[in-house]
Amino acid sequence: MEDIRVKILERPELDNPVLIEGLPGIGLVGKLAGDHLLDELEGKKFAEIYSFYLPPQVNIQRDNTVELVNMGLYYWRSKKNDIILLLGGFQGLTPESQYRLSDKTLDIAEELGVDRIFTLGGLGTGSITRNPRVYGAATSRKLVKGLEEYGVVFRGSGAIFGASGLLLGLGMDRGMDAVCLMGETHGQIIDAKSAEAVLNVLTRILDIEVDMTKLAEKAKETEEQMARVSKMIDEQKKVMDRQFSMEQPTYIR
Amino acid sequence: MEDIRVKILERPELDNPVLIEGLPGIGLVGKLAGDHLLDELEGKKFAEIYSFYLPPQVNIQRDNTVELVNMGLYYWRSKKNDIILLLGGFQGLTPESQYRLSDKTLDIAEELGVDRIFTLGGLGTGSITRNPRVYGAATSRKLVKGLEEYGVVFRGSGAIFGASGLLLGLGMDRGMDAVCLMGETHGQIIDAKSAEAVLNVLTRILDIEVDMTKLAEKAKETEEQMARVSKMIDEQKKVMDRQFSMEQPTYIR
Amino acid sequence: MEDIRVKILERPELDNPVLIEGLPGIGLVGKLAGDHLLDELEGKKFAEIYSFYLPPQVNIQRDNTVELVNMGLYYWRSKKNDIILLLGGFQGLTPESQYRLSDKTLDIAEELGVDRIFTLGGLGTGSITRNPRVYGAATSRKLVKGLEEYGVVFRGSGAIFGASGLLLGLGMDRGMDAVCLMGETHGQIIDAKSAEAVLNVLTRILDIEVDMTKLAEKAKETEEQMARVSKMIDEQKKVMDRQFSMEQPTYIR
Amino acid sequence: MEDIRVKILERPELDNPVLIEGLPGIGLVGKLAGDHLLDELEGKKFAEIYSFYLPPQVNIQRDNTVELVNMGLYYWRSKKNDIILLLGGFQGLTPESQYRLSDKTLDIAEELGVDRIFTLGGLGTGSITRNPRVYGAATSRKLVKGLEEYGVVFRGSGAIFGASGLLLGLGMDRGMDAVCLMGETHGQIIDAKSAEAVLNVLTRILDIEVDMTKLAEKAKETEEQMARVSKMIDEQKKVMDRQFSMEQPTYIR
């Protein structure tokens, strides 16, 4: 297998497609928003990205079959734009991996005719807000101005890490327009309210409708599932640490 | 030397071979089970896998000659299936290494005509059980059903790390059937009972007989040997740490 | 994108050019000095270096557009030598990255006819000095002697880490003359005084004039900006750590 | 520059050459022994190994010129065997680097006709001994037997890390005979006595004479120099850590 393998399930002909990224990040805001979009829009998976840069792990699914860790690409036909969703449980494990995976994603996007990207994320503030604001950043002044009309707030400083940043940074070099929408969030909680705020802006921009009622529920489920996974991983980690410290001296660091 | 070097000692013609993986992992269950199989079946080594992705170390053997760290491939002719064993003292040191080593293993397996894989491991629970259960996961629903007949238990969630997971995840993409058998285990002990439970299922599936009497003894030996190695490594580590902190500033991290 | 991508904005014809490196390091002395030179000389950017070896991050600029992390190359025409400045917010993230980025920088420098390099940095002493001295090291005895005439102090031991060292070490192998100027500095503060001391030596060597009045101000600004960024990053880090520990088990280390 | 660059200073015609490795390791025993051999035998440098896998750093020499971190190869003509010495201040920074550097070293050795290797190191015991023993391991039973005649002690277990191990493990695959001599040592001190014990065995095997009087002195010097470097590095590290934590968020780990 090559380092990054794109498994094409279908080659959709898309009309004026936009790419939306919803990978895990701060407060899981982007992931929640992206996953919710997928469920509500009933997007169709057309590609899977497997990579040596993702965790070396399979996930056991409900039917007890396994799935190798991957990122999925989904599409959905809308009136204004066809929509491509990039979703997954993980980002690249190292800085270099992050670059390689984002770069590959843009190869696929370019081939499909994408010239506009929305990346979704959270902006951690350390405090809880009732009405989370949506912060933005973009690849051009024109896009910034356009976002202001949707109530997006700007700070004029800061940094965006991981895929949400790189798809902008690497995308603009390919002549793509790209925008990052960041929901204000505490950071230490999985934040459905923040995801909703982000989706409220995004759906107005794309002129689509998405029912938000199941979003809070999903966040709760995610929180519970994470807690379970987290506990399980802690167990595994503890035992593997012991095993590895027995078997694999960390004499070189 | 290339990154991964497969040294072929013999090219066996195998009949309907299955691959069994028994590398170190949780509770050393998989390794114990695999090593025991090798001893009882008197498998024959036919290949060694050397790699830059394994620890940079030689092991001193009983006769005071050294052996470069490697994974070994063994075969054994059985009535139902010929059996290939993948054994070793280590897994790949980084996530990416894990992928590369599992991928290479599958290249070899494919060449030998393997279309069925069993990976053996432990599932850490943090508590001690008298009658450890055997948990499973597989690459297809049909395989899951088949395993249920052997009393294998399923949980419908979780993740499998390292070679035990990747051989399933990467193998299914090559059209191979693959199953992971995980013995319930505390995690903090080297668990012969759990390994026995796993072997009881595996031998019934493969219709082979394996005497278990020496397994507990082997676990004890392993525990002692590990303690020795662990103590020695702690010593070495302490002194190397000092040396490295003198010689190699960790100014970049 | 290749691992390191040099985006050429302009191909200047330069006369007897020298390369000056002012990347972040101890006390930010080199960065402060380099950035100040750029502002005062009104250098013109002619190339940007993007790389998978830099942090996977975009920075949000004052106008709310983003910029992918990069190192910039600037030039300025002077009477004695044309000057090339290498500036940026980051160095390579790993030892290997450091080598690759410095090696690439030298490729560019060589193409432009550079045969003399000045790298700027700090030498941390842990104590505060009113009149920081400027320490030096060079690629030849002749250069050392030349620097002594400018009051540069030598210690006859020590090491220089990162780009400030590698541009000397890799440059001399290409037949380039190279000098490192290190301002004496506490280390725990952003040190404008030390940067001024370094610039005083450098400008005399290059026979250029640079007004220092805004340097202290810039150091103050940098300190404030760093504090802001630092606080923000701490927030982000805290939340990402939690997220990553939930999502990405560090079972392999 | 390629990842590993061998700079050839001279191509000596050597008669029946043996390779002796004396890189830093436990108690610096191997390095002390190797460096002392060089001084006493007045070996001549014929090659330098530069690599992206070594620390990104130049060392400032007594004459204030810099030297890029490298490993040196020296030769010396002896009555029984010509001798090649591999010396340096560092080993590869990662497991993979260790393999690559040892593999490259063997390429050079093979080209020069080496078919016998001695690697020198320490075996840390945590206690101080007046008369340190010399432990051994080798690539064949015949070599083990030969060493026993020189009073070398064997333990029948353990592991050898880094170049001292890999030159054996990778060398034997090229048909080279190789031996590791490990001086018994506390581990937390730079141990001239242990280095002397190792040299006593080695010189008898090679039938050469080496005056040991300056060895203790050298160990003392090394200890002092290390202390100085260590203190300096601690300073630098402290300040760079601060700088890096300001500049380079470790948000991905």
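Just so it is clear, A, B, C and D label the chains in written order, and each chain counts residues from 1 on its own.
Please note the rule applied: contacts are C-beta pairs under 8 Å (C-beta built on N, C-alpha and C of every residue); 3 or more make two chains touch, one makes a residue touch a chain.
If you're wondering where the values come from, they're calculated on a predicted model, not measured in any experiment.
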Task: Residue-number overlap at the chain A/chain C interface, same or different (half cut) - done: different
Task: Chain separated most widely from chain B, comparing mean CA positions - done: C
- [ ] Could you give the separation in Å between the centres of chain A and chain D, each centre being the mean of its C-alpha atoms?
- [x] 48
TODO: Can you check how far apart chain B and chain D are, centre to centre, with Cα atoms defining each centre and the answer in Å?
DONE: 34
Open item on the list: At least two partner chains per residue is the criterion; list those residues in chain B.
Closed with: 55-56, 93, 95, 98, 159, 161-162, 229, 233, 236, 240, 249-252
Task: chain D to chain C touching residues, read off their complex - done: 1, 7, 50, 52-69, 93, 228-229, 232-233, 235-236, 238-240, 242-243, 245-253
Task: chain D partner contacts - residues on chain C that touch it in the complex - done: 24-28, 55-56, 89-90, 92-93, 95-96, 98-100, 102-103, 122, 124-126, 136-141, 143-144, 154-162, 165-166, 168-170, 172-173, 180, 186-188, 226, 229-230, 233, 236-237, 240, 244, 250
